[in-house]
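Listed after this line are the structures, all set down as structure tokens.
In the two assemblies presented below, chain A is common to both, partnered first by chain B and then by chain C.
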Partner chain A sequence: MLSVDNLVASYNAGPVLQGVSLSVQAGEVVALLGRNGVGKSTLLRTLVGLVPSWNGSIRIDGTPLAPIATHDIARMGMALVPQGRGIIGKLSVADNLRAAMRAAGSRPALSIDQAIAPFPALREKLPAMAGTLSGGQQQQLAIARAMVGRPKVLLLDEPSEGVQPNIVQQIGQLVRKLADESGLAILIVEQNLELALATANRCIVMAKGRIVHSGPPDEFRNEAVLRRHLAL
Partner chain B sequence: MYLEAALNIATMVSILLLVALGLAIVFGLMNILNMAHGELVTIGAFTASLVQVHSGSFWLGVVAAIIVGALVGWVLERGLIRYLYDRPMGVILATWGVSLIIQQGLLLLFGPSPQIVYTPIEGSITLFGNPYPRYRLVLIAAAVLTIAATAIVMNRTRFGLDLRTVIQNREVAELVGIDSRRIFMFALVGASALAALAGALVAPLIKVVPTMGADYLAPSFFVVIVGGAGSLMGVVAGSAFIGGLRTLLDYQVPTTLSQALVLIAAVVIVRFRPRGLLPA
Partner chain C sequence: MTLQASSSSVKATTQNKGGLASISLSAGLMAAVLAYPLLLSSYQMDVARDALIFALLALSLDFLWGKAGVLSFGQAAFFGMGAYAVAIVGPMVPNDNGALAGMVTGIGLAVLVSGIVGYFLIYGGVRGAYLTIVTLALTLIARNVATSWASVTGGEAGLIGAPPPGLSIGGWSVTASDSVSLYLVVAIVLSVTLTALWAASRGRLGRVLTAIQDDEAKARALGYDTSGYLLAVFVLSSGLAAIAGGLYASAAGYVAPDLVGLLLSTQAIVHVAFGGRGTLIGPVLATVLVIHVQQEVSSFSYALWPLLLGAFFIAMVFLFPKGLLPLISDLVHRLVPRRDRGGTA
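So, the complex of A and B:
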């Protein structure tokens, strides 16, 4: 579904991504692990065109993406839930969802009812300003918003950040369910190792702008492996 | 006396409202300092005058002004501003240059004397025993209609939702599939058309000369800043405050002094309400 080959990218001085190659199949959840500052968020932002790539290719279903604008990438079916959630605080919850219908491009978008079906708590908040929601509710809204355009690939950057523990678990279950039921390809960057290992089919480790290791989640339950790759 | 003052205030407020509305969108919402905004008002007034002189119809001139204003806005965005969204100082310098070019160009073409604009609706109407020019009532109605239409476009249309999203977070807007450059282009074209419409509508009441735009740029900025950048109700509040105070002071003191006093009052308001009377 998503395939990335030899991707090189940077903000300005010196490349942050130094030849990243990876793939995520439909229905698969891949957790991207690594220490702070190795380029995980930069990789997600490069995939959606927010950071310019200098070399390499990004494909969805075999169709190459670069060099096109971020909104076109979104319309081709790649959705990013950014770090910090990116909720538009001074729009209502319903308008946040409505705004994202553009991402469907020529496909029919999800209705607001369909989009919030997994998040019953959002229903009564639809007319409220999105900025008034709690952290957990904002994260739910961010995921619902990403789903409105019926993406093929979902990129999640730190979905558990600033979210209370019971919602973290819910989000984990939902991520798994989205991959299993909608056939989404999901790439998740997550500091919460428990959440990452519980939802992922496969884990890949990034260091110094490259993918240095790939393996099943169970492998990362071993202390020695964790120490070697993540210095935990 | 009081009624006359009230109607004069309403006229002044309507003029400010019309002229500042486009600036409220471009400067207040999109944060672009378009120094050529006043010249778009001038272009609207000149277009109305030219079309009226040649066709005999003022209202055809108003429609033509909207179209010409939109076209000039489009050229300005495509040719200049779109390259400078990330460089605010660049926008100020470039659009200031454009404003000088338009002023001097009109001066070369038409000379410094005022253009002829006939009032489309002659005569007065008697309101509560006082005669009042009919066209001023039309102008007040036009201002109310224009702001209502703008509010509907902003709050009830897909374009309005796109624009509100882009203004609040351009990156997220792109992430959810909104073409932010296209939305900004349409917003700038719309705001330019509004400025030209304002110029055409006020043309029968003022001296239509190439430098008239400068007279409107500063008050428009006051209106937007005092009223509260980023909200349409702020434009109404700002226009009411600036227009109301100025008209009332004009009854008591010379015009130059009243302008200065209004400016001082604006400074005091911004000191105590830095985000304006009715912020977004």
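So, the complex of A and C:
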């Protein structure tokens, strides 16, 4: 579904991504692990075209994305839930969902009802301003909003950040369910190792702008492996 | 769960009611402001007409600055294009269609210039203060053209003989040359523009612009060509400023380069900030109020006005930085107990 080959990208000074190659299949959840500052968020931003790539290729279903603008990449089915959630605080919950319908491109968008079906807590908040929601609800809204455009690839940047533990667990189950039921390819960047290991089919480790290791989640339950790759 | 759900639906209904109340209040206030000068002398009506024209200019800026977050000093340049086009092209056109032809030319020129300049800037990724500085340069250039290209613009002296608004089709023709009809033409153009911008801001366009103001990258990741939206708003806002300029020249009968200066752009910015950025009707009411007070103050001391305006603006930044309309709405919310407004405490 998503395949990235030898991707090089940078903000301004010096490349942050130095030749990243990875792939995520339909229905697969891949957890991207690594210490702070190795370029995980930059990778997600590069995949949606918010950071320019200088070399390498990004493909969805074999279609290359490189010279395409961010809004067209979104319409082709790549949805990003950025760190800090990225909801629009001054719009109501319903309007946040409506605003995402454009991302469907030529595919039919989900209705508001369909989008919030997995999140019963959001139903009664539909007229409320999104900025007034709790951290967990904002995260749920951000995921619901990403799903409105019926994406093929979902990129999640630290969905557990600032969210209370029981909601984190719910988000983990939901991510797993989205991949299993909608055949989404999901790439998740997550500091919460428990959440990452519980949801992922496969973990990849990034260091100094490259993917340095790939393996099943169980491998990362081993203390020695963790220390070697993540210095934990 | 049920209780929470019903309380939230009550809240939603209350919000709708509150929205409806504030819409009718605004519409009523606007109607009163527009109708009042019709009772006055023709001189006062002319002053009020000019106030409405500058209100239209402020409105054009508020759509760009308040709704899309782009602060522009360029409104005077586009106002000037509209005004000069009516004064230059208008007299060349036979019958009573001169003002209309000039207006169309002015709008076309403003759309062309803002489209070309805006395309390269906005798609080039220029945003924020840098974009503002370029719009400032636009006004400086426009002012220079108005004073230096004397063979066309009349130089420092300006041009007289701009035709009044009119329309002539076949043998039938109508012109607005007396104070009342000129006032009505301006009032109608302003009301239609205000209503159209307000309606546009409530739908999808408003949502996208709010998203862009919140974080442009986020809006792009939601599938919106944000540069395209910003360019469209920039061009539309410039076209509206040109309409205001065209109306001014057409109603006053002359243009002078003073009109195209930075002072006019700055005034429009003050009117928008004073009325409440992004409220659309706020800047319109603020312009009318400021120009009215200016008339009163200037009638007993000409030098006092700039001092007062400066002092007032500084005080405003400290006391109610969001502007007049948000201040009034905050006061109403504070003074009227929540239960009286039907809210759930």
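Following the convention adopted for this analysis, the second predicted complex is superposed on the first by the 232 of 232 C-alpha atoms of A that agree within 3 Å, B and C clash if a C-alpha of one lies under 4 Å from a C-alpha of the other, contacts with A are read in each partner's own complex, and residues count from 1 in each chain.
Just so we're on the same page, a residue touches a chain if its C-beta (ideal position, glycine included) is under 8 Å from a C-beta of that chain, and two chains touch if they have at least 3 such contacts.
Worth saying up front: this structure is predicted, and the values here are computed from it rather than measured.
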{"item": "Simultaneous placement of chain C and chain B on chain A, clash or fit", "value": "clash"}
{"item": "First (chain B), second (chain C), both or neither touched by A:Ala26", "value": "neither"}
{"item": "Partner chain in contact with A:Ala198 - chain B first, chain C second, else both or neither", "value": "neither"}
{"item": "Touched partner set for A:Ala207, first chain B, second chain C, both or neither", "value": "neither"}
{"item": "Which of chain B and chain C A:Val8 touches, first, second, both or neither", "value": "neither"}
{"item": "First, second, both or neither for A:Met129, with chain B first and chain C second", "value": "neither"}
{"item": "On chain A, the residue positions that both chain B and chain C contact, one per complex", "value": "48, 50, 69-71, 74-75, 79-80, 82, 86, 88-91, 95, 98-100, 102-105, 145, 149"}
{"item": "Contact set on chain B toward chain A in their complex", "value": "161-162, 164-165, 168-169, 171-181, 280"}
{"item": "Touching residues (chain side chain C, partner chain A) in the complex", "value": "4-5, 8, 11-12, 15, 204, 207-208, 210-211, 213-215, 217-226"}
{"item": "Residue ranges of chain A touching chain B (in the complex, touch as defined)", "value": "48, 50, 69-71, 74-75, 79-80, 82, 86-91, 95, 98-105, 145, 148-149"}
{"item": "Contact footprint of chain C on chain A as seen in their complex", "value": "48-50, 69-71, 74-75, 79-80, 82, 86, 88-91, 95, 98-100, 102-105, 123-128, 145, 149"}
